[in-house]
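Chain IDs A, B and C follow the sequence of writing; residue 1 opens each chain.
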Amino acid sequence: MSLAKRNLVTIDDLSNQEIEAVFSLADEMSESMKEQRNLCSGLIMATLFFEPSTRTRLSFEAAMHRMGGSVISVVEMGATSLAKGESIADMARVVGRYADIIVIRHPWEGAAKVAADYAGVPVINAGDGSHEHPTQTLCDLYTLKKERQQVKGLKIALCGDLKYGRTIHSLTYALARFGAARIYFCPGPGLEMPPHVLGKLTQDYGGKLLKAPADDLHSVTQTLAGQSVDAIYITPSDSHQLALMPGVQIKIDISEGAIYVTRLQKERAEDVGRGAVSKKDYPVINARLLKGKGLERTLVMHPLPRIDELAYEIDADPRSMYFEQAARGVPVRMALVALLLGVKKVDIPEEETLLRIDYPLYKRDFGVKCQNPKCVSVQETETRYIKPEFKIIKTKPLTLRCVYCEHETHPQYIASSKWHDGTLEKKRYYSSDSFMLERIKAENLIIFGSESEAQDRGFKRSQYATTPEKGRGGAKR
Amino acid sequence: MSLAKRNLVTIDDLSNQEIEAVFSLADEMSESMKEQRNLCSGLIMATLFFEPSTRTRLSFEAAMHRMGGSVISVVEMGATSLAKGESIADMARVVGRYADIIVIRHPWEGAAKVAADYAGVPVINAGDGSHEHPTQTLCDLYTLKKERQQVKGLKIALCGDLKYGRTIHSLTYALARFGAARIYFCPGPGLEMPPHVLGKLTQDYGGKLLKAPADDLHSVTQTLAGQSVDAIYITPSDSHQLALMPGVQIKIDISEGAIYVTRLQKERAEDVGRGAVSKKDYPVINARLLKGKGLERTLVMHPLPRIDELAYEIDADPRSMYFEQAARGVPVRMALVALLLGVKKVDIPEEETLLRIDYPLYKRDFGVKCQNPKCVSVQETETRYIKPEFKIIKTKPLTLRCVYCEHETHPQYIASSKWHDGTLEKKRYYSSDSFMLERIKAENLIIFGSESEAQDRGFKRSQYATTPEKGRGGAKR
Amino acid sequence: MSLAKRNLVTIDDLSNQEIEAVFSLADEMSESMKEQRNLCSGLIMATLFFEPSTRTRLSFEAAMHRMGGSVISVVEMGATSLAKGESIADMARVVGRYADIIVIRHPWEGAAKVAADYAGVPVINAGDGSHEHPTQTLCDLYTLKKERQQVKGLKIALCGDLKYGRTIHSLTYALARFGAARIYFCPGPGLEMPPHVLGKLTQDYGGKLLKAPADDLHSVTQTLAGQSVDAIYITPSDSHQLALMPGVQIKIDISEGAIYVTRLQKERAEDVGRGAVSKKDYPVINARLLKGKGLERTLVMHPLPRIDELAYEIDADPRSMYFEQAARGVPVRMALVALLLGVKKVDIPEEETLLRIDYPLYKRDFGVKCQNPKCVSVQETETRYIKPEFKIIKTKPLTLRCVYCEHETHPQYIASSKWHDGTLEKKRYYSSDSFMLERIKAENLIIFGSESEAQDRGFKRSQYATTPEKGRGGAKR
C-alpha cells in the first residue's frame, strides 16, 4: 500500500493506518531534520493560495525547503489568471505540468477535489471554503497523540465557530474515526455545526447525536456524567462554573481531552445576520476558565490565528498547545509530502478499509444542482466542464450529498430516461418520495430540484407528483 | 556565436539558427530532467511581474528550480517600489546587481527593452503590454516543430484578438521568418491586426498582404485555393461551413497547419468601444468546428488561459495542443535560461544574418514623441531619462518606428539643426513631405509631430510647410 | 563574543567592533561568492514584508540564496493573517518555528522589537515605520568605508526627509558612534530631524547640536569653517552657490564626506500639512550642484528608490555611489545573516562596551502610554499583550523614551503604589516636576500622562499637583 501519487482532499482520503504512518515518519523527521535536506532535491511544490494565509502556506513551504525541494507559489486572487476567468481545472492541468505536487487553498468548497481531478500530480487541500482543512487536522491529531498517546477514548469539546470552521469539520470526522469517546460541541451563537456535517457524522461514522435542550443546561451536564455521548450541542444560556461565553457556563469533564476553540470566521460569516454572530457571546478561553474543575490536565488547542477567544495570559500555561500545534505542522507536512511524492515509503501490510461508504453515485448534465452557493460545481467558470454529481445517501427522504462540497440536498422530483421504450409512462416526472423511486433503475434515474427544472427538459407532471405544500408520497389527486 | 549575456526582448533578438539551438537543448533537457538539477546551483533568477500571470511566471520559476537555481520575485504593482514612483531603469540596475538573469512582465510597451538597456545581466521579456511575448512564441514554434517537424510551408490561421494579443504579434513575425506558407488572420470584430504589425510584416519580412473584401467571403476562399497568400484578413460576415464566429463561417484548408485562437484581452481592450469587441461574435473553437473539412489533422493551439473561445469538449481531442504547449514551456525556458546564463553553450558555426533591417535611427531630446500612450518612452517616471528614439522606416511618407514599442508615427514637420550656419533658411520648419527632407543631412534632422512643437522650440513656419488639411508636398502659398 | 542568535532591531544592537566584523566578512564573501553556495543549505529565512519594498527584500533573499539557503516569504498586509487581526507576537512565535531567521518590515514603529521578543530565532529589522532601518545603515557605512577607508573624521551632510526617513535615523546614530567629524542636516521644509532623534543623539552619544538661525545662513557657513560642529540644522532661505533647494544655496565643505539625500516619504507624510512638505522646495542633487566648490570628491549616496531628488544626469558621475550601495547590500547581508545564524563566526577578543546607556526602566499595565500613534505598543491588536515600557532618560523634566519606537514623552503626573502603607499621602497624585519624584522609590513609581488617567485609577489630586497651564514645580495653592 503506497501513498505515492495519492491526493489529500478530505481527511477521509487517508485511512487510520495511513495517518499513523504519517505520524511515525513525522517523528522520524523531527529527530533527523538535517538529514532530510536533500530528500526532495530537484522536486517542485506549487502552493496556490487564493485566500489569506500565513501559517499554512509557510509551513508547507518550510516543509518542502527542509527536504531540499523548491517552491513555486501563487498568492491572492488579484495577481493570477483566475482574475482572467480561468477555471480551476485548467490551472491545475497547467501547474501539474510544472510542479510535482500541488497545495491549494481556495474559497470555493470542493475546489481542491477539482484540482485533484485534473492535476495529474498529488494535490493537497489546504482549505476549501468552509469544507475541509485536512492537514490542520493531521497537526491536531498528531498533537493529541504526542500529548495523550492515543486519540481513542478522549473526550473533546469543540467550541466556537463550528459552522464555518473547516478545521472543525475535518477534525470532527477524524475524532469519530479514531474513536474519541465524546465530542462536545460548544458553538458560538448562530455558529452551530451545520446539518451536512452532523449528517455525515451520524450516517457515515455511526455517531450518536444527543441534543441538549437549549434552556436546560443542567440536564445536559447530568447527561454527560458517565454516559456514552458522542456529541453535545449547546446554545448559549445561563449556567455556572465554566464561562465559555460571557453569561454562559457549562460544566464538563474534559480533563483527559482538550478544549478546542476557533476564531470567528468573519470572512465567511458575511451571510449570517450580524446580530446572530455577535463577538460578544463568542466563547473565550482564559485563565479563569482554566481554573475550572475537571480542566486540570486539559489541552488547550487552537488552529491559529487567534483574535480574542484565547487570552494571552494563558500562553505560558503548560496546558496551552497552540504554538506546539503550529510547530508540529512542519514535520507532519514533511512526512505527508514525502509520502505523496513517493520519496519516502511506508509499509502498510494490507489495505485497511476506509470508513468511507460506497454510496451509489448520481451524475447528469441537467437536473438537480448543488444548493450550496459556495460550491465549486455551481461557479460560472466551472460549470463549463463540471457536471453536478452526488452520492445518494438515503432514499427516504431522497438525500443527495454533493461529491464536491459534501452539502446535502433533498430534491423533490424524479423521472426516468427510459421513458421512450414504453416500460414507463412517457416523459413524466414524479415526486421523489413516491413509489416510483424504487421502480426506476439507477442508470435511468433523473432527479430534479424543482418542477420547473423538469418541465424545462420537456417532462410533464405525472399523477405521482405532488407539490411539497400539498403533502408527500405518491398522493393521487 | 554564444547566447551568453544576450537579451530576449523581441523574437527578432534570436536568429532562426539560435531558435533551433534552443529547441535542440530543450529536447535534451526534456530527456534528462533530473540530470539538470545542479546546473544553475548558486545562480539567481529575478521574476518581476507587474501584470497578472500564473503560467508564464511559474514556468520560468519551475525551469530555474529544475536546474537547481534560485528565484527572487516581485509580483504586482502595489507591492513594489514602482508604487513609490521608481523608474524601470533604476529597478533594473538594482535587481541586475542581485540576480544573474531577469524575467520581466510589464504593462508598458517597450518596458523590457528599457530593463535590458540598464540591467547589466540578461533580460527576458515575459510580455510588455500589447507589444511582444517572445518566449510564448518559442513554446508555440517548438510545439509546431515537434508535431509537424518544421514550420516552413505550414499554413497557419491566427484567430481572435489580433489587436492586443502580444503572443500573436511575436508569433506572426516568427512564422514569417520561418517560412510559414500562409498565415490566415481571423480576428474578432474590432480586433484586427494593428497597422504597425502589418507594417513590420510587409516592410521587414517582405510579406505580401491580401485583404479579403469584408462583404465577399466567397471570393476569399476561392483566392485561397492553391494560391500563394501570406496573410488573409477577414472581418465578420455571413458565410458557411466553418463557424469560427457565430453567424460567420470561413472555409480554409489548414489541415497541415494549426488553428490558433486567443482569448479576448479584456484588460487591454478597455479603450475599444464595448459594442465593437462584443464577446458574442468572438471566434470559438468547438467540436462542431473541428468536424469541418480540411481540419482533420489541424493542431488546435492556444497560449492559455482560455475563457470561452475553446470548448472544454475538445480537451481530449488528439488535435488539441494547448496543454502540450504549456507543458513544453518548462524545457524551452530551461534551455533559453541556461544559454543566456552561459551554463550551456551552443555551437553555431557562423553568425547568421538576422532579418532585422538596419534602418537609420533618429533620436533627440525634443520634438516628435511616440504616439502610443502605452509606450514606456512617454510615461512620466521614464521621461526623466528616456529620449524618444525611432527607426526611420520610410521617407515617403516619413514613417518612424518607435524603438521601444514599435508603433509607427507619421510626423508632419521637419527642420535642420544647422540653421545657424546659413546654408539653410534660419530656424524654419518644413513639411515632412517637402523636398527639404532630402536636403537636410541625417545628423542635422529635427522632426516635429506638430507645428506647435516646432514653434515652441523657436522655429518659424517656412514656405515649405503646409498644414495637413491644405494638401501635401512642398506646396507654395 | 558570538553574533549567533542575536537580533538586529536598531543599529545600536551591534557594537562598532561587531559592525567591523560584519564588513570584514562581507569583503571575504564578495571575493568568494561561489564558495558560499552551500553555506546555509537546509536553513530557512522568512521575509515578512508589510510595507512595499523591492530592494531590501530582494537583497536579503538574494543573500540567502547565494549561500544556498531557502526563503519563505509574506508580502503585503492584505494577503496575510494580519488581515484577520493576528498580533505580531503570534506571527513571530509561529514563523520562528518554521524558519531559522526572520527579516521583518512593518509600518508600526517598534514592530521588529516585538517580533524579536517573541520569535525565538534571530530577527532583523528591515524597516519599522519611521523608526530604524539598520541594515541600510550597514550598507551605507560599508560604502563609506570602502570609498574613504574609515568613517572617523568624515563630514556628512544629511539632506531631504530627515523626519520620516528611517535610514537617516539609523545612519545618524551610527555616524555619531563611528566618530564622523560633522553631520550637516539639510532637511526639506517641514521635514526636520525629529526631537526624539536629536534627543538620543545628544543624550546618548554626547553630540553637540548647533542650530543655525533660519534667516541667517551666512553665519552658518562661517560657523562651519574650521569649527567643531557636530550637526547643522538648516531651513530654506536665499543664499548662494550650493543650490540644494531651488532658491536656496548653502556653502559647505564636504569634499571628504558625502551628500546623502532621501526621497520624500510620501506614504508616511500624510499627516503633515501638504503645504509644509511641498516637493517644490525639496533638496535636489544634480550636475550643477556637484560643480560646487568643495564637492570635488564628495560621494553622492541615496538609499533608493529615488524620485526627483537625484537627477539622472549624474548617474555616470564617478562620485555617484547609490548603485554601489545597493550592490553592496548583498555581501553585507550575507555576512550579517551568516553571523546571526551562526554558520560563520567572528573572534572579537573582548566584549566592547555598547554605547547604549542603561537608563532605568519603567513598566506598568496602566498609566502613561506612548504618545506616538504609529508605535506598535498602542495598536489595538498588540495592546492585548504589550505593556507600555519606557526608559527614564531624565527627571528634570521627567522624560521617558518608549522602548519600542524610541519616541519621547514628558508625562505631567506621578504617584506611588505604596500609598497604602502610610508613608506617603494615600492615593494622591503629584506633578512630575515636584519634589515627590525624588521621594518615591523607583519600584513604586506610577506615571500618568494626564490627570484623568490618574483619576480613573482612583487617585486624587494632591497639593503638589499643578496643572501645566498654572506653572510647574510643587506650587502650593
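The rule is simple: contacts are C-beta pairs under 8 Å (C-beta built on N, C-alpha and C of every residue); 3 or more make two chains touch, one makes a residue touch a chain.
Keep in mind the model is a prediction, meaning the values are calculated, not measured.
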item: Chain B on chain C, rotation in degrees - Cα superposition, rounded to nearest 5; value: 120
item: Interface numbering overlap (same over half, different under half) for chain A and chain C; value: different
item: Rounded Å distance, chain A centre to chain C centre (Cα mean); value: 48
item: Multi-chain contact sites of chain B, meaning residues that touch two or more partners; value: 75
item: Chain C-touching residues of chain A, taken from the complex the two chains share; value: 33-34, 37, 49, 52-55, 58-59, 61-62, 65-66, 68, 75-76, 263, 266-267, 304-308, 311-312, 315, 323, 326-327, 329-330
item: Contacting residues of chain A [partner chain B, same complex]; value: 41-42, 44, 46, 70, 72, 74-75, 78-86, 89-91, 93-95, 97-99, 384-385
